[in-house]
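So that you can tell them apart, the chains are marked A, B, C, D and E in the order they are listed, and the count of residues begins at 1 in each.
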């Protein structure tokens, strides 16, 4: 029988993968963004699992808002990325190190 | 008992501060700024003089008490009062400020308002430090002093002023921050009060006492300054302007000594007794070691700065001499007298060097020689102060040293033996410098063009000379008011407050 | 008319002070004449007062011990500035004020041409005040005040010629050496206070007997001995006892009146006075007395010898002062305090006289002090010559001059001590006897070289510079009356004072109650002294012949100048040692002082600059700075790295937490 | 169901004004854009007044089905937020004009950010906390990037965005665990109650603690504690001064309330766990913040590191979990914001057109040319360093007191030693202004009397509050105790 | 039983695609794998009776957000080689850390599982979407409002950052202007003076030129 823990562990695996992704791709900004999306997926998984197993709808509501916010966030992130593209004449992400130390 | 309708202490503290703020806004008009600051300084001095005269020497405990809630959420009370120990410092402080302001009249030409204002603020802050009966009030003003002093050294100092100012600031801040933690700790163990006198009654374990002692040591030993933590002083003094050096040497250092008497000894008497050997050793090292170091200084101000450390060694020595359970009254009182006297003498020494510096713009001993032929009046004053600095009887410099040496004989002869070497070493460095600077042939054109003291300088030197001699010839005048306070302190410290778990 | 005593004392003390202050501060305003008149007036008042006091003390039994004002209160003890007018102080008063008065008058002539005329008068008046404070004090603090005060004025006056390098070196040296003595003195005072709880003479004396067998805690030393020796250390400094004597010859850099007043007659004898004053304490420690004998003996003989090889007229007198101070110290060591005071008094007159006369010679020689450039002056300046001869005879101890009486007493005391087998007795006898001859030699060498023989000053010497050619066309002539009058006035007591005072001093009648001679002295010296008898008997004793032999030797050498050259060659190494003052100066100047400076420099550079500032203070700042530079690299600029750090943070917290959970 | 909206009137008002502003901005002439500024100020003043009107002392008001709470803390902090917002607008007004930023959008996004803060401050539900946080964060991303053609700004915005998203992810992950472990509760007080029940029943709280780790990480990102601080210096430096001012001041208020609501409102019973974590982070923050600041030459960046160290202090205060500690935290953040505001204000006054006053050396000799601004900056620096009689001292004092009272004496000692190091770089600013000679002319561009007097008042407030901090302290205590 | 099989099948796909997201050489592949991961999760969510959100995930995330991602990735010219620098170097450490995190989480979840001791009974007769709708518009009306504000914000920011007002260089057609053209505006007569030939030799200029050459 598939219990709550199965789903939780699955989400934990997703989370761990996203962490690895961030750690692995020291220079690749896009993959980092995707890893973060994975992390959000893990989060949503958690919420939905709990919601489902607890028969409590609040978790799903939460996921609903997470998705909404993430959409807005993506829009803004994208806008920034485009600006960056414009300013740096092609995004070579390694050039994004003017601010340091 | 005492007439205190006017809140005299508050007036003494705040009149200079307010004058300082007013001066700050007097801004561009230099003469106005000078005028107001003189008024402020003199007003402060007169007020403190009134306090002094009204002070009842036989009354045990604090007088002119003022107690108002200040920050209730922290149980901080604006609690002021003077007792026999703080009284002389209050007067000294305001007196020195008058001289400093007068001394700066002609000399300071840039940022006059800021300069005078900083000194007036300093005075007010320091008066408050001496009057505070609430530890936090003490602390607030104790630290607030750093700001004007930092600016004074940094703005009007000489070439290496930035380093000196920073060193001064951080050195002293280190000590005071540790003290802050201790004060807060004491606040809790003495059931939520910052009253200094409540701290006296709080029993503490030996470990706590020792730790508190160490923290206080850092706070006050740095200010005094005691031997291993003294190196800020020889850097701060030469760089500071004359007035800065005067105030620094005359009063700021005394706050360290005062703190020892007000905090260290009565709050942790058992630790003080246990560690008195260490403190005495450090003091003696300061006296002898620093004495030798002074001899070889090439910079006059640095020399006097080192000599200050050496002289302040007597203060710490006097404060930590015990005879059995009791503090050594001789030495203790000697320590206070030494502080007052050193206040006059060191201020005067720095003033003298300042007078020469204004003319030649050098502090190097080697750049002088034969000043006496060009400035006879000045040379006479300088001689007097040099003699006072080397502890000649009849000047104030003698009284404190004498008392401490007398006291230390009672505790242990060997202490007195090392302490008394200042008779030789002190005379050696002071008079050797005097010889090289004042005596001899005029051998360079800068010295040849020196003119004797002007009126303002004369007034300052005269006031200081008067004080130095008055205190040397009739110290009772100063000592009488502190008798009861000293007695109280001795009794307070004689009690043990060891909490045995 | 009777003058209120207390007022009298105050007048005695304060009138020099007042005149000093007025002259010092307003000298430039009131001019030379008013200045010196004021100064002299001040001292004159003192002098007259002193004699009145002396009279009343000696004949009316006046005794005063009271306070002027409360100086300091510590706990339950209070210290006051007070006066003790007793026999000792009255005698000292008279001596001090009269010599001082003479010197004041003399100065008018001597300093007439000098810069800083008013300053000089102010100083010597101040000195008189300080000396009076010292003499009249009834407690140790005030004694110390006067003690250091006279030291200060001595410092100021040795360095009176502030431009002269040797002068300002000498005054610093004098002050510092004195400070070494004072170091001990102050510690001695400290011990007295610690044990007796008071610094008042009377109280101290009465309490001191409780500690006869006390020892210093932590040591096996007798407490009283330690106190006595520490106090004597002060006397060694002030009274120039070996090895703290090195400042006195150099102090001759000061103007001659000063040498007379301070460095011969009064200040240097303060140590002697102090020991006499504290005789009740010293009587309790034979060890201390023995040490005093040895110190005095060394001074007396070995430093006296140095007088023979000097060529500077003032230095000869200065070494003779050292030697005479040695005599006094021996007398003290023998327990014959009153004798010491007696010699102090006679010495004050004749040594003051000698210095003043030397000064007169110097004036005549236009400030030339080298005796090799003098000679034959006797006929040009008869008064100076005669007075100086009287002084020298007194110094050499030829009866019936004053010095004879006092010196003879000292010789007798030394013999007595030797006879009783007390420690140091033999040494005392040896030194005092030998130095009688030494004294005669150098004093008459001076007389002969200066006043007799070839007029060497006529030799052209070029060291005065070219424009000064022919200045010796003016014959040396007698000094003005302001100079000679003091000489005459001083010569009188130098010649006569012994007649009147000898018996009183030896029997201690004149000082009874204030100076307690040692028990053995009192018991063995009970016979009445009759001056005439003593003079006559003097010729039956050896000392007089020793002195005469000395004079003879001096004369022989004077007549045969080659002898001395030969002698010098024969004892070349010894001569060098003597010329270099037994290398004592070198010890201080070339050994102690450089070591002190090197030590200071070592502490400064290694301790302060390197260890504390370099390593700890700036070192910690540097470490922080270094860390700052390292840690800022963490902020690499790569956003992925930042994210990685966050993840690492999470991992750390997680690990931390799992430990918590499973703990 | 509680659908009363009374308590939320100010927020509704702000939202309405915001929308109107967007409309006005869309249709207004380029030359009349100044209206936006006035509108923004009016909005904030209106909010302030309404907030005062809405507040009923001693009563906790709820709205929106209890998801909106208006207690003393919320009301007080909102008032501060409005106030700070007004001051910020006054300071940046001329700067925004000069730089030709997108004026209308700037103020609109700024108001969005303010709205986000208001939501966070009043949130009574984890969902609302999250949504409010995102509202704020998104607005800030926009603000940071608003200087569109500036490479550094966009870089900062990108970094901020990525890290912000990551931190949101972490926070959400934590919330999800707490949600699950408390049997599906999002409302803070019921989370609290549920945890209480769980602990009473001795049920293991492993997943709760687990969730707390992630929540703490997410929260500490907002405060900027090491190692979640990496965005702070870059964003402070990269943003235009106006935006740095917003991020460095107003947002701190909301962030701290946010943390308090979360950790104390919801997870107070897990205090032992999270206070240990906080202590570690605070420890690191104090070290990194103070030490690395020394090496900085850019004032904005330096202030960023200084902010990190101050947040370390705040974390120490939170760590105590006591009433004193929390009121100390509130007091600390309020005074810190006030101080930083004055500091940024001076920098804003000195920046103009193409010139940005950001290098420490740009301040050389400021005292000579502009003593008043130098004086204000002096007060700021000493206040940040915690020297009495400036208000920064009492902030530190209160935190230390709370630490000592709860027995964290070693932490207190550590904190003071670190603030000693901190004093070093604050003093350096003073040194540059007062001791160094001017090498380039310093021009104060702002002529607006309002902005200037606000700045002077702000500077004086540091001193006045330093002398009489009592009222503010009492207020801060009341925020916590209700 | 079938549920178990489905769970594992989807799980494996999910995990593999998630791994591919971070391991794929080409970012475009990453995005595509991410989409796969979302779709798989959506299936898993349906297994948990969360139909509405499962659909939303596909619609909003896959349909909008991921397409945006794809667009960005393709728009940006990415140098894959440099991007993957240090990838292999970091891999062991990353694996370690990932496994540590995973191990810790799993350990906690397995040994101390979340205890569900109280389950809210919900009415199963109402569909998931229905339930959600109810809740959204009653209890959660406040966050809905806020979400709208957030979306507005997103809109404003995105526009503010990317929309450039027409600059002067841009060439727009202005019809009204074209229509309102007049004859006089078309041709402009320009008078020019005849050129005069003057020969001026300016020595200085010449020199300067030489120097400058």
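The working rule: a residue touches a chain if its C-beta (ideal position, glycine included) is under 8 Å from a C-beta of that chain, and two chains touch if they have at least 3 such contacts.
None of the values given here were measured: they were computed from a predicted structure.
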Each chain counted as touching chain B and chain C at once: D
Graph separation of chain D and chain E (steps between touching chains): 1
Of all other chains, the one whose Cα centre sits farthest from chain A: C
Contact pairs, highest-scoring chain pair: A-E
Farthest-lying chain, centroid of Cα atoms versus that of chain E: C
Centroid distance [mean C-alpha coordinates] between chain E and chain A, Å: 12
Distance between the centres, which are taken as Cα means, of chain B and chain A, whole angstrom: 64
Geometric centre distance via CA averages, chain E-chain C, whole Å: 100
Averaged-CA centre spacing for the pair chain D and chain A, given as whole angstrom: 26
Multi-partner residues of chain A (each touching 2 or more other chains): 8, 15, 18-19, 22-23, 25-29, 32-33, 49-51, 54, 56, 58, 61, 65, 69, 72-73, 76, 79-81, 83, 94, 96, 98-101
Touching two or more other chains - residues of chain C: 632, 635, 637, 639, 641, 643, 647-648, 650, 654, 661
Where chain D touches two or more other chains, by residue: 127, 131, 134, 138, 141-142, 145, 148, 158-159, 162, 166, 170, 180, 183-184, 206, 210, 233-234, 295, 424
Touching chain combinations (by label order): A-C, A-D, A-E, B-C, B-D, C-D, C-E, D-E
Contact footprint of chain A on chain D as seen in their complex: 126-127, 130-131, 134, 138, 141-142, 145, 148-152, 154-159, 161-162, 165-166, 168-170, 172-173, 175-177, 179-180, 183-186, 233-234, 237-238, 295
Footprint of chain E on chain C - complex, ascending: 647-648, 650-651, 654-655, 658, 661
Complex contact set, residues of chain E against chain A: 3-4, 7, 11, 14-15, 18-19, 21-23, 27, 30-31, 34, 37-38, 41, 44-45, 48-50, 52-53, 56-57, 60-61, 64-65, 68-69, 72-73, 75-79, 82-87, 90-91, 93-95, 97-99, 101-102, 105-106, 109-110, 113-114, 116, 119-122, 128, 131-132, 135-136, 140, 143, 147, 150-151, 153-155, 157-158, 161-162
Chain D residues touching chain E - in the complex, by the definition given at the top: 1, 3, 15, 19, 22, 63-65, 67-68, 102, 105, 108-109, 112, 115, 119, 127-128, 131-132, 134-135, 138-139, 141-142, 145-146, 148, 180-181, 183-184, 201, 203-204, 206-207, 210
List of chain E residues in touch with chain C within their complex: 97, 100-101, 104-105, 107-108, 112
